[in-house]
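Listed below are the structures to be examined.
You will see two complexes here that share chain A, one where it goes with chain B and one where it goes with chain C.
This part shows the complex of A and B:
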């Protein structure tokens, strides 16, 4: 490579992804592709009931089947393990959670027993032979109903309310008293859905009797969290557990909470004499029992506004439904408050937040986790108020947005928004969609009886959590701050090798990490090897390592950058001694002998092979004062967080705030009631962009998830807790036929909180859900129809427009006008 | 359930290579490809013929290999993702997906590329609507399809130009 190439600044370039080649050739290594010697296959037996007592489990027929090696039941497992750690304080903390149901089942699809056999089909056959007798109990399907405690899921806890907390800032009552308008909204509801990665969960576990270690190859996306839960549950030293991931077929947060299945596979392997056990989840298992996103109901909302439509206070009661077991929850009870005021300036608020267990699949982090529910709520409030007060929705937003000159902006609950320019994003988005034109077309179409709406959604994607927020939920929780590890080394022959504690699922970490190191060392990214996947044995993970919560661009790349800097400093010391010159005489780049360090004054150089040689295999020539040089540099990046004030629920909860502004134009067909998107714009601001191609791809992906969730994808349960959308054919993930063309735009406000100015991104704040709801609201407000649910399809629109079954503005929204 | 299931002898060509195998009648084509032939580039994403992660070409037509028994492929010629490249060089469809950021996790990609191969074999100037229809049976959860549309257009151009 010529010196030309070496001069390039690699960060900021749309470099092709390093991951691509193997994936395109069908040589990706996904967990299900792995076969081990003597491997056995595991199947779960799952509950057909949502809520029932287990009377008996009979495994004898299954065990008698040739080829079956072992069975496991909850009753057998429980005495050998500790219940999983609960993050909730009491009463939620009293819940006893095991990987296989012990005396009762609490959702349809809950694992009751497991069987391992010599082949997958034998395991299937054997699972059918396991007889379980149940005694049905009253199911509780709705979060608000659950809080009445008529039928209790977890007797140990004594209540279905896992957690309750009041988030209060400023003086909302005073603001309500002094308001020119008070808008009352009775009830709104954010539906349950899942981002359903295309690859299902997979676990291969081996509890090896030779060294008493547990080896996992799997696609869990937050392994350092999983090992903390597993070690305590299985009562083993945490270093006994090795977790490796390779290519992962999407996660979107859903693959964080697979530690119960991981536990069962390990115990099954132990019982099978240490043979490796593989479990490959089917899609219907995934739909009924992997993880769903949080469902939330917003009750008794009161919004105070001044005479100009500026919101001065919001008071509301929120009920979050976390399904049968809280697991990663109740972190969702506080994570929404990272974006407490959304993009708006109001200072006074009181949110009374409860979380309830119900007889449905447990929830887990799902792209946009816990914040999108709240952001949707705020966007609905803004739109409903705008329409009621007769203020155009764009104007309403401009009056209420946090202003560009106010950044860094401290929210009422102490979060610091690093940077942003929402009015500019609105302007860019309006330009891209042709706002004025559409407004005209909309008016004309209305005259012809067509129903068209134009909606805006403004959201935030908060990235790099302060885990100290767990202490707001449970002051005894031993977590705070955030960190990520990386290692950068010259290998024995001088190759640059980078390892990071993340486990990407298509976000291109191998590429972006190489871009960062390439800039530090001033060499081509192709000369840098970035290790694929996660491995506890690389020793670069901290307790927070994984890939989740929109943070790699900040935490991951900061760690990589730190490790590369450390390596560079060592290389400088060594080269200055070898080349007999001062460190500031040295320059990095590539020469005839490959990557090298050069002395400007003499033109002499030493290449990476030479440096690595001295340290690794020719160490007698290494000067004594350089014996601490390893050229193998581990760096831990730590976010600059403090523990939040847990009483006032106040503090900095996340480091970066990427923002999204979407606009949708949508028409509801008068005959079929099918909503169709006519035009769509997505504008994104994630600070300094590391790789524009990757960022744009993440925006499109998040947009499809949001549009799918708004119009097509919902987890439906019937009154007794049967899940009615347990296959893709029922759940209908968005396809190429339903995905509109998206016009992409971007603005850039660099973050002062990350070394590169980048902000974490990838979750996208679920902007399309808010935007589609806004467009529907805009289309239907004139008919007195009020969009009170985040999910709307032809069926619900038919009922709203013809049956008038859906809540109507007149009943559900009441405005007190005091001017 | 019968104690032993009688196996059936089948012959087929996969990526140009002939195979004769004994398979259980209930074995799916995708299982044969992944388990018996170790061609793990073909994936499984659902159990109701929705997602197309398992798409392969059978005698030139795109089929969902999770919805066919292996015995139904007796005598057939199958093309999987592993058979797309030639002498180590990427097929134009593979190159176009790579160049257009047409993949993220890559789990759906093999199936999508084979649906694309079928489309372009019959139509080298597909319209936007024809592209959408050709991949209607392929779910991608990562890319939002936008860059896949671009990739297919780009591939059409190279295939046409070739």
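This part shows the complex of A and C:
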């Protein structure tokens, strides 16, 4: 057996995570673990009103409290900064967004003032002493209501409709005219929920008066984006902002939009003479005022179908509610179109998409960001149409799925689905759950008056964005493509050190990056140190670095792979000179003195220490023609994207499309109305798997998040904009006790779009939300109840089934039969 | 998330704690498990100037059997009760202790603190109302015994004077032939129930000799449903009798609409919980071992 054949492939192995030892022993280093000399603590004073004018802010009593170092108000801050960049074009672009409210407040929990003091409890004491006088305004709580502009949030914009665009492909009107059936659905609603990372937001900021630099230690999950917003806002050179992240206790996208809090901490540090300022968000702050997921209403949907139940067109009006400030939005207004037709083949569609501001917490990317709302909509459409046409839901899907032989598949809006096999996933999932058995049991149970439903959810997790899609929202946006950086080096003693521009929050980047490099150099992953956590000064980041949007397996690991290849090429050049042999005579592996490069012909070798020594500390022996060898290789990977056609809203928006197929069997108790999952299968296809253990873990996490969202977690506001779910007692995030046993299945269609065949998969498409809705729907069709909301719990099921208050199909669904 | 400044006092005995309360006045509060008080202080909804800590007093955490009854020291933690074989002699007491919140809360929270807090959603009062329960109260003038029904006056209000504390809880062990069960619906473990039902039945063959039925979380205090008890007493458990008990429970409930559910839903739910608790209690009354667990979303 030759040495190449003996080579171990680390990619694909369920290698235990390198970071586990540290994290499970409580030795992780999180932002709040950092204590600095002379550190001050910041507390926000927040609005109790959803919509109000600020009449006055009196900080005098707070400033008089011993131990208080400074206070800040919106009025004081505004003249010193630029309003935050708006990604939206006008009218949304006219919005003036400051980190502290200036003349009015627009959601309950909005920061109005800040105070910094010598201790956290003193800061709390001082915050209580800040007197704010408000004059209440009419709150706007519902997205559709907001579009009527009866009460305007942002006078500068003149309207609550901050963005509108019509996404039209094919000829939907013709398809509707020629259809055998047209199904009309009045209204559906995707609810507002969030992620509840174990670790809340944390910012430490130091505005160093000596060199006018700002040093952040924080847990923002997209720092390269944050610094672009901060530099413009604070009017400092971007290279004067250092952002460093360490371990992060979960983000799920929600930690992308913390730049306003970061701005306040920097300004507070500046006012406090450069002392470091720490802000640690409380759970209630997190629930009321970090970021929520997008809420969306689907109106006036018309679905055209042929006589076989094949969908030929969908026309609909979608209203996205982004809360009080668009911030990262309106990117969500286009991001959903990455999965425009979902997993289905229909070619004609017209979606009239608007985004409204309301007096609620601003939204931010939330696992499944903007696509899950749309995918849920499509899955509801498919199930309702199937039911109206009398086609079983599995059969309906098979008739409408994009077929395996059609990949790579170009969608009506120009996205290219790289690979997939949805019928096979359905088959695997049905096998795992015992579909036929459950169908029988369901029929028997029905006879006994029990209410059981079986539902399928098929979803996509589109990964590695083409940021050019921002130009569909705003043709002036200066972003396109996608890139990621990595650095791979031999350190002075020959240690292999990899640095990436990501800031993982549990995704195991240290492990997967080590697996990739281990295969390139043919050494054990334990010999590779991976530096994760963002650091502007490590110089491996690009403008897209961070951890978000299901992409590390593609963008991050492609960069790591590129850097490792570059390093390997340099090592080869150097070794061939030292060992006096041709490069193709060299092989990489482990020797008696650690990892080495060997000449096959002579058996002579040089270990990594030897190579690093020549370059770093014994450089007089380095041949002149090798002076460009650094053994310190930076590689920037760029995604092969073009700028989309912004007029036609057409182009490739994401590189890879992982798919998920879940099936749930669920029973609604006739007496308590508590829905209980009896059986659950999650089948995942994310192309070539780099680490099966990590993938499986991500699937379980995403499944829990989705089941929680479907049955337990919702952000509720009352009619005047009080948030009623600001604590865990009210929001009830899912716990292990609420989880059914999940059967995990796996199929694999390698992506032709990534070097390894892998696809991003961290978001998971929110498959459980679609699946649970489908199962509830299956259970309740017979009762004339229509699952028109993505959130359902015992109470809402009771109100639908007994109270007949909500979700009555007769009022919501109408079918035109033309045959 | 930090309480206002307060003075901390560590009591060496219950008597000393009472003395401290009377000397420090209205601004002083006892600290037991802190699982109700500390969250309120962190939210600054409660701002006591003085805390008198009971946690370092020895001999306040115990479970003892005496004269056909169980005596629980005021500082006995929910977890200790859940783990106690002695307490399991009254299965409904075990159901209650084991089902409160999560491990962290059970490890800290105490039976005395729970009764003294008189939270409308608290579990202990609901369960103990189905049994003959007395609360021993220690004040500057010595100790007195208050039957539980007279101890809880209203939401967050008890018969305790300001300088009085709960020293012990005494529960009579139900006679043979009696069995009880406590079932709550909880949206997740670490939250208070949406509604709950405690049922203690005494059976004579198939006939119910006596019944105590108490509802939780559907009123300002635990609600004893006399009509439901009457519906069962002297009857065997026909569908009709059970339906009558469920309906009586729904009628007696006086819930509020909140994030846990609408008032209408809670009324229906509590009826269903009563039905399930009756079923489990009747098995236990017949001497069968039945595991009872809350229902979680």
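Just so it is clear, the second predicted complex is superposed on the first by the 813 of 819 C-alpha atoms of A that agree within 3 Å, B and C clash if a C-alpha of one lies under 4 Å from a C-alpha of the other, contacts with A are read in each partner's own complex, and residues count from 1 in each chain.
Keep in mind that, in the parts below, a residue touches a chain if its C-beta (ideal position, glycine included) is under 8 Å from a C-beta of that chain, and two chains touch if they have at least 3 such contacts.
It should be emphasised that the depicted structure is a prediction, and the values quoted were computed from it without experimental measurement.
S.K.: What is the contact status of A:187 with respect to chain B (first) and chain C (second): first, second, both, or neither?
M.R.: neither
S.K.: A:728 contacts which: chain B (first), chain C (second), both, neither?
M.R.: A:728 sits against chain B and chain C alike.
S.K.: Which partner does A:711 reach: the first (chain B), the second (chain C), both, or neither?
M.R.: second
S.K.: Mind working out whether A:13 is in touch with chain B, chain C, both or neither, as first, second, both or neither?
M.R.: neither
S.K.: If you stack the two complexes on chain A, which partner ends up touching A:737: first (chain B), second (chain C), both, or neither?
M.R.: Both partners, chain B and chain C.
S.K.: Going by the contact rule set out at the top, does A:693 touch chain B (first), chain C (second), both, or neither?
M.R.: The answer is first: A:693 touches chain B but not chain C.
S.K.: Counting residues of chain A in contact, which comes out ahead: chain B or chain C?
M.R.: The partner making contact with more of chain A's residues is B.
S.K.: Of the partners chain B and chain C, which touch A:282 in the superposed model: first, second, both, neither?
M.R.: both
S.K.: Please indicate which partner A:424 is in contact with in the superposed arrangement: first for chain B, second for chain C, both, or neither.
M.R.: Touch partners of A:424: none, neither chain B nor chain C.
S.K.: A:702 in the overlay: touching chain B, chain C, both, or neither? Say first, second, both or neither.
M.R.: first
S.K.: Where on chain A do the contacts from chain B and from chain C line up?
M.R.: Shared contact residues on chain A: 121, 125, 282, 284, 728-729, 733, 735, 737.
S.K.: Any idea which chain A residues touch chain B in the complex?
M.R.: The contact residues of chain A facing chain B are 16-17, 19-21, 23-28, 30, 32-33, 66, 121, 125, 195-200, 247-250, 252, 282-284, 505-508, 693-694, 696-705, 727-729, 733, 735-737, 739, 741-742, 744.
S.K.: Spell out the residues on chain C that touch chain A in their complex, using ranges where they run on.
M.R.: Touch list, chain C to chain A: 1-5, 43-44, 185, 187-192, 194, 258-262, 264-265, 268-269, 271-273, 275, 295-297.
S.K.: Under the definition above, what is the set of chain A residues touching chain C in their complex?
M.R.: Answer in residue numbers: 120-121, 124-125, 128, 282, 284, 669, 671-674, 711-712, 716, 724-725, 728-730, 732-735, 737-738, 793-795, 798-799, 802-803.
S.K.: Mind listing the chain B positions that touch chain A in their complex?
M.R.: 1, 3, 24, 26, 34, 39-51, 53, 80-82, 84-85, 90, 94-95, 97-99, 101, 103-110, 113, 131-133, 135-149
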